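First the structure, which I've put down as structure tokens, then a few questions once you've had a look.
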């Protein structure tokens, strides 16, 4: 049996009296898309934030690529190959779309403290950045300021940036939200290809997408994982239907 | 049918020098639900912003309740009865949930208690700062906030984004109820299936122009493929 | 060093703190709540003091002077907001810095032009001057007790205004997203004019009150400006409670530092150099305090984490 | 050539032309004024790296300006008095050589900026403004009341320091030196902001969360920018000390911080030529309006207001238009 | 050609304006058309002052500089100016550094040496029989010099010695210390607004101990702002408007007629400076450096202070008086009540080698 790329054991996190994650255990195997679903406010984003190292967890362990990473900060974890997308787009509004991606390319190359060479004409950055924009269908918007992109286009850019980091695993927080049907189809295809190189922990409220893409699904309710299983198992689970799916099952 | 509550004709608008709308026609009658559709970046949000006077009108006209809005400021336009749920939520992060709701409230049937009935989660989080709400909770807050201004025309720009399926169903149910109570609604959403069920009419935008306006029944696969990419 | 002296110095520190709060109150509103960097706060303070002195001299009534200080500063506030600040909300904060810096020049030299270069006479009416005996054998100037009262009153009033009224919510909402609050039907422009004028009026009142125990002169607003910013930042931007606690903390630190540091150094060196080293350190003390607070609490004592 | 680059060159040409006019017209004071503008422009270029490109609004750059100035003053006056600058932990002799003094000023500014930066960068936004002010004020009060180097009275060293055997007391020569330094600093800055580091810095300003998620610590990037910025401003301080043959705590006061900031904002934040434009305009106004009336500062204020209200993005913004998204 | 660098804007403008007005009055009264005065505003910034000096010397080619109010500005300008061979006549600031080792043949202080008035206060404290004086001044060189000057002549015991923050406005803590110290008198040097604030607060605290201080806090322009709180306070000065001599009468009356206000001590320094300059010019042209210097040294003019001569380090030898604040009608002003020191030169004469 292969080892999981990402393994979360008994992770807990509270905000004051509110326990956002309680004893969550979860893993991400190579080559899979593992969907994380659950009602609003269940703690999904919180879980992603603790895994990414943006907020500290109270208890539990996070193992990535076989190593414990709890002691690393967010930047350190990103450098190990853990890329995340944000539920609410987090981009540099005054930069062009291309530059946003170039920065990610540069970050993985590790050569940040270079003061003299012109970055904007550096093919080592430009080439991969252009390729990533093309993957998400933004090649025509490369030189547009992010502030001038529409909401859906920004969502696509989020994905392009994550791609540019060439990570070992993706944490995607509602990547499809705000994207039109066309972008949705494109991204679904992209994720299917991508999971072979790097598995994806996918948070998504669009059940059509989840059911068609996910290899495994975990359901988080009130901070607890109430079920993990295949699409069929989850669809059939009455608890999940009641708490989350409604008619969408 | 009486004159439409919102009447947009030949509207052009844009962001400074870059024009984004090149002629949008759109009517929303009293008690009518109109769906505004189109691919990403086609001008849906821009249309809505212009209707709310967040962007200046550069050509064409917008009439709300029979009044030309060309020269009136944002807050006056809102007071003509528009309740906006903006794209990207835009809750006031430094205010608590309750403060977000009551800050701009105007009297009418929607009160804090009514909103709490629709979204019990908001009542639970009453004193929490809006900046720490989950994405979905913020979305609920934005909808509640617009309702508390007791508008005559509710504008929802991707209001169901990031909401769990159950909640989304509740919102669509609420939209039905609102429509029955005589509220006009202009809605942008990406789930065509649900839109079709609730809308009286659909308007499709392409490159800043309204290119197709008709009943949702007539939204053929061919039209969808051509304008919406499905 | 007797216990009575220490107690009196504590009282002095507290009183100085409250006085700082009075000086900072207007800025708390404009900067702390509206989020507007207003360097001209000190100028409005000066304007209030000059208006009070001029009217008090002309009419012989201190009370009329106080009213004039409120009115003059409020009017100046409205003018400034409508003519200048209003056009800058949508801009970078830095544009506000330079615009209000320009206003300092205009106000300072404008006041000098109108009132001459010499300090003005402004002193308390007999009814408010003199000392009262406190328990413990301390006599304490009446007016300073009065300032404590006024400070507490303003603090309470502002707290209620900002945290308990819809006006307060709307201002705070406007600080984070003006466009959105306007799109919800609030005339945020008018609201901001009113609040700015209120902040200006408070600055003017503080100028008149504090000016009557200090000097009414050109340039009196500049040190106040920095102090007021220190107070607000130590307390945490946006929090009235914070500004109040911050003011008292700064007041106590400054007063006790001035008093105790030279004595402390006196234990380890000769008297003369102890005074000089001690007071050199004392003059830096509030900045040390601010730096320490911010290093340990990067958003001030009561500020919301970013 | 990009419009902004062109404007920067044009500004430099104007500055040079003004000084040259002073030389040919036998009005040495114009040269002195141009020198002052060049020096403040250097300080502004330094600040602009932190404030404009890095979004780190430092209200304490007077600290570095003053530290640079005092480094120059102390070393030069030590040399003139044949006394060592310090004897512990090692003995350092004074010097009157400008390059040595510049280096010392840069290093002194760096040494001061590192701890200030480490502490200040824990905060952000307005808190950053105020904590940098706090550190500068501490130094200011220290300098005012510390008697060793003249306290509030400051420290005179009478004659400018020397370099390359040139007669620095000649205004034109000294102007040429300062102008040269300004040109070098501008060129460095132009390269720096377009480099990889410049890209990271821009992201640190616009969206630190994204930078972190990409694996780069915003703190490191900011600290580096802050320290480089301080070093440039420190160098300007040393030049200013030499211009006046005098240093005093007023170089450390918040007015100086404010003034440098005004130059940058007036000229155009995050614009290469911004500080040059700002310093030149401000000093020019001061000079011209001073002759009009005793109350000239009212006029100055009004002109500044007009510029802010009607020139978005400062002077360079007015001339060059909005910055394009890609460059 | 005279270049005057003085403070005309901002906080300290009143002093600069008085010096300028006094200076101009003297020239006008003398009907002198040969002297051209170029006045520049230093904004109270040392660096600006230095640059203005450069300007006046290089561009306007002035022969004589004057006008600076503040010691720190003087320290910045004077060495540079005399270094370039110009004469500098100080109408106010005269820091000890320029009186002792830093003295220069081309530098003349017309006003006093900085320590003088403080020394006189010390001497007066003895005369008044004070045994336990509490002394305070701001913590900067002039403040430190002030307390040193006071102590140089004061023979009693110190009840306390306090340095306040420069620009401080609230003195409650110091006043409390004074009350607790068991002092029998208070000496303070707090120029400008600091003095106004201190005296008002002192009066409100009803401490009641006698105050003494140098004239700077009791200047004609400040007194009105202090109000009745200043009444009866003793201060030491080398000039007062009631000094009885022809020159002073002409000055005081002329000043009131010209500017509509009573002259301040700074105005008197400006006036004397101009008269000294004109007296020297009458003897030798500036181009004759040695001759002009000798003519200045002779101090052959009628000073509003009465006796006036220069010590070997170019600082005045003069009488220093004790004045008391009184009310003349509605206006507060000073009246001489005693002489604190006669023919006082200064403590640095021997250090000056020129």
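Per-chain residue numbering starts at 1, and chain names A, B, C, D and E are given in the order in which the chains are listed.
Just so we're on the same page, a contact is a pair of C-beta atoms (placed from the backbone, for glycine too) under 8 Å apart; a residue touches a chain by one contact, two chains touch by 3 or more.
This structure is a prediction, so every number in the text was calculated from the model and none was measured.
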Practice task
Identify the chains in contact with subunit C as well as subunit D, in label order.
Solution key: E
Completion exercise
Farthest chain from subunit D by C-alpha centroid distance is chain B
Problem - Selected pair, greater C-beta contact count between D-E and C-E - result: C-E
Exercise for the section: Just grab the chain with the largest centre-to-centre distance to subunit A, centres being mean Cα coordinates. Expected result: E
Problem - Intercentroid distance (Cα basis), subunit E paired with subunit D, Å - result: 36
Completion exercise
Here the gap between subunit A and subunit C, centre to centre from mean Cα coordinates and rounded to Å, is 48
Problem - Length of the line joining the C-alpha centres of subunit A and subunit E, rounded to whole Å - result: 74
Exercise for the section: Measure off the straight-line distance from the CA centroid of subunit B to the CA centroid of subunit C, and report it in whole Å. Expected result: 44
Completion exercise
Touching two or more other chains in subunit E are residues 9, 139, 144, 163, 165-166
Practice task
Send over the residues of subunit D in touch with two or more other chains.
Solution key: 141, 144-145, 147, 295-297
Exercise for the section: Any chance you could list the residues of subunit B touching two or more other chains? Expected result: none
Completion exercise
Chain pairs that touch, by label, are A-B, A-D, B-C, C-D, C-E, D-E
Practice task
Over in the complex, which subunit B residues touch subunit C? Could you list them?
Solution key: 52-54, 73-75, 78-79, 82-84, 86, 90, 92-95, 99-100, 102-104, 106, 129, 145-146, 149
Problem - Residues on subunit C engaged by subunit B in the complex (per definition of touch) - result: 166, 169-170, 172-173, 175-177, 179-189, 238, 304
Completion exercise
Listed in rising order, the residues of subunit D that touch subunit C in the complex are 51, 57, 119-120, 122-127, 130-131, 133-135, 137-138, 141-142, 144-147, 254, 258, 261-262, 265-266, 269, 295-298, 300-302, 304-305, 308-309, 312
Practice task
Would you tell me which residues of subunit A are touching subunit D in their complex?
Solution key: 52, 54, 73-76, 78-79, 83-84, 86, 90-96, 98-100, 102-104, 106-108, 111-120, 122, 125, 143-145, 148, 161, 165
Practice task
Would you pull the subunit D residues touching subunit A in the complex into a rising list?
Solution key: 191-192, 194-200, 202-203, 206-207, 209-217, 221, 224, 325-327
